[in-house]
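By letter and in written order, the chains are A, B, C and D; residue numbering begins at 1 in each of them.
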């Protein structure tokens, strides 16, 4: 294992320290509570937005703290959801008197730890609502199971609901748009390699040079199925077929198309994949009008990519375009 | 080799098609001339800025075409500088009557092909000036050699000179600030793995799991020296020692510190490295006031990173902060 | 009165859990790698080490205080599924111990059952979902049955540990329906669940310490 | 008159260059990997294939037209160092052939020297810098000397090819001072330069076709 790190046990803390040092006008690292918060308090009365999850998926969520997205993020250990204490502290930090939305990816650990935190917070009189992100179509949506994972939709929900909160929407409205975005988003991921967690020091699994994992998540675990390596056109077709079959977009729908790298895939390959997807979607009579291409929800040093598609409506589009200033997503003018 | 690609011989074209599809409001792909140009012409009279180089270093340069940076980029084959034809076409596209600055990284192939293009353009009456980027401190600055490579300084020059052109500076002034930025910038890179060019299908060299290459460039070639793997603190110290010994910044100088990933290194590791550098610089009595952390000048899927430091003056800082809207660097409000 | 478990014994139990997790950390990580993210051993190691490393405070004079300390340390330190599940398990055991200074076998069995219920409440697992509950549920039943049949606590715990190990082995044939491994469905068949394996160690530790 | 080279022979020379590059593409890439970016063979393959693949147009009735076609195709297609250097080499040869329909040995030797001067003008290489000029310079000298000594063009080209191969071998002991490999300094010692190796093939191709 070759990584830029000192003690592997401190990899997450060292990352958080570096993040805050690099972006002092955007975020602060609250080391006592192990959370990342905005450098400047948003104006009083804004609905707060927080999220958390296992580290290793950077820039998710810490890179999305700032104007127009999150108020605080709770980074857990690598691939381990945060503990209730962090979530409680982040909720307190994010509350401006108008309540806080918890953006929770549907992983057992995350759901349970947010659940415990919410029980603890019940004593504090902070209005709390939550949105459960479960956009992964690689898993059948079956009762009696843990359900579908929350993947790329998380970024879109954080951006769009974050913009709603920033413009002054109340908690119910912010929650509502967050749920609408999740409901209209689907993701399918493909892994070309296994990642290597710092503490483990070796890849999680062996993957021969002519095989790939399809239907992957974001914690380095194997995917739904191992198949032979194929060219990007076939991979794009698989991704699109899986996503569209489940999303069932309106003919001619305006789409936000996200091609997300898993951490070790170069940007140029992501654009090759984007090009294939864009073309296939247009052939299918759909209309990609917004894109996001890059490494936004990763699994450490895994090679691979995921396709996320959101069927946009006008409100979502306006909120997507709204100004944002975080360490990893920035655009538009701030007032 | 596992990559998102169809025919390896078309990897670059496929990337360019995808890039333009993803960002239709920012760039167009002029397939006939194989260049990336701005989607919207800048206002008449702006000094043009173009750059080019071997592909494989994405987002350099194609990802920096847009308001506030480049007018056009000439992507060559993988790790192969562009041909004179592309450079001629890009220069013509960028010219608004006030001349064009060529941003040339000091690689033999790039220098020679820009040289040939400039000879051809001499017949056309376009005022052309150039800046030669040579910030790599891993190579001794000796007469009789090819000199130092152009690395991370390229991004800073394109951003700062691009902002100068955007605000209406004339060609001589844009060239002057571009050269000043290059003169005050130094870079040192470290590779943890070899990259795999698509056409080659295998890594350029073998690197044992306990060794790294220090003093690397951006075309996958080995570095100045192969040494034993070490922790990030030691790597940061080496980088900083190499850069500062050559840059010799004024005590207390304001610095722009860029920690650039080579393509396969996760963002979290880059921030760990940034944190180490930031701390070491402050201990040395220097003042990091701006940062850029991410994958900006890469070598395909190489793991590794480079430290680039620019000693800022007030004008550079203003121009660095000026609005920019490209596919890979975006901030600030457009008029 | 069928046996007696006091605070010192519970402390010994926790130390033995910590030791066994340490010994099996790689196995647990590797089992978790087959369906999860290869960190179950490291997660528990972090939790039990934090709960036991500095020894137990003199103020922990009751099973309730000791187990509450262990449970809340695990909740505060571990994170992930196992942090919530194991944390809830020990917190509910603490609650079920009331204010007693020591507990008899029957009470201990009730505490174990309360811990199991906590796991169900927290994460909705059922027997057959291929989670640590697949080791715990048969152990709870075995302990009850043995005590009712008049066995000593020592031999009842022995039977509980064996039942947990059988439960662990039963997960080999199952496809996961809860936790991260559930995303892999049938691909998890053929390997024991990581959590079921650690829970069997916890019960084995009980059998060797609570006697 | 010592030999005679017409347009058709030059076309054959180019086809033989293309064939030899194809055969040695991996060697050239691997040599380039030791100090560069492992693409020298692929770069030249692209260039020579483009220059020769569709055959030469009927309109290319002079050495000048044919070599200008090859040179500008390489410039337009190859890029990188070798595109500029090889492109300039053939363009300058074309220029030096004047308007002749065929050239004699002495003129061919002048053309080769003009090509070499083009490489110096373009990239500033000197003998000993570990570039393709280290193969070309001795070949130019050998060709001149042999013709002056009254050798036939055929045998003079044979000696030039041998001189180029000796020049190629001389690069093994050198540290690169030009091109990408110069960034590696002493690490390039022990391997022949990729460009010097391809240039030796180009001269070898001349010896087998221009007779």
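In this section, contacts are C-beta pairs under 8 Å (C-beta built on N, C-alpha and C of every residue); 3 or more make two chains touch, one makes a residue touch a chain.
As the structure is a computational prediction, the values presented were derived from the model and not from experiment.
Shared contacts of chain A and chain C, meaning chains that touch the two of them, come down to nothing at all.
Taking each chain's centre as the mean of its C-alpha atoms, the one that lies farthest from the centre of chain D is C. Note: centroid distance chain A to chain D, computed from Cα atoms, is 55 Å.
Separating the centre of chain C from that of chain D, both taken as means of CA atoms, is a distance of 76 Å.
Averaging Cα coordinates per chain places chain B and chain D 32 Å apart.
The multi-chain contact residues of chain A, meaning those touching 2 or more other chains, do not exist; every residue touches at most one other chain.
Under the contact rule defined at the top, the touching pairs of chains are A-B, A-C, B-D.
Here chain A touches chain B in the complex through residues 1-6, 11-12, 14-19, 21-23, 55-56, 58-59, 63, 192-193, 209, 212, 229, 231-233, 235, 259, 263-276, 278-279, 288, 291, 293, 295, 298, 300-301, 303, 305, 325, 327-328, 330-334, going by the rule given at the top.
Those residues of chain C that touch chain A in the complex are listed here as 29, 33, 35-39, 42-43, 46, 75-85, 87-88, 122-123, 177-185, 187.
By the touch criterion stated above, chain A contacts chain C in their complex at residues 54, 76-85, 107-109, 112-113, 115-116, 136, 138-139, 144-146, 149, 197, 199-200, 204-205, 215, 217, 219-225.
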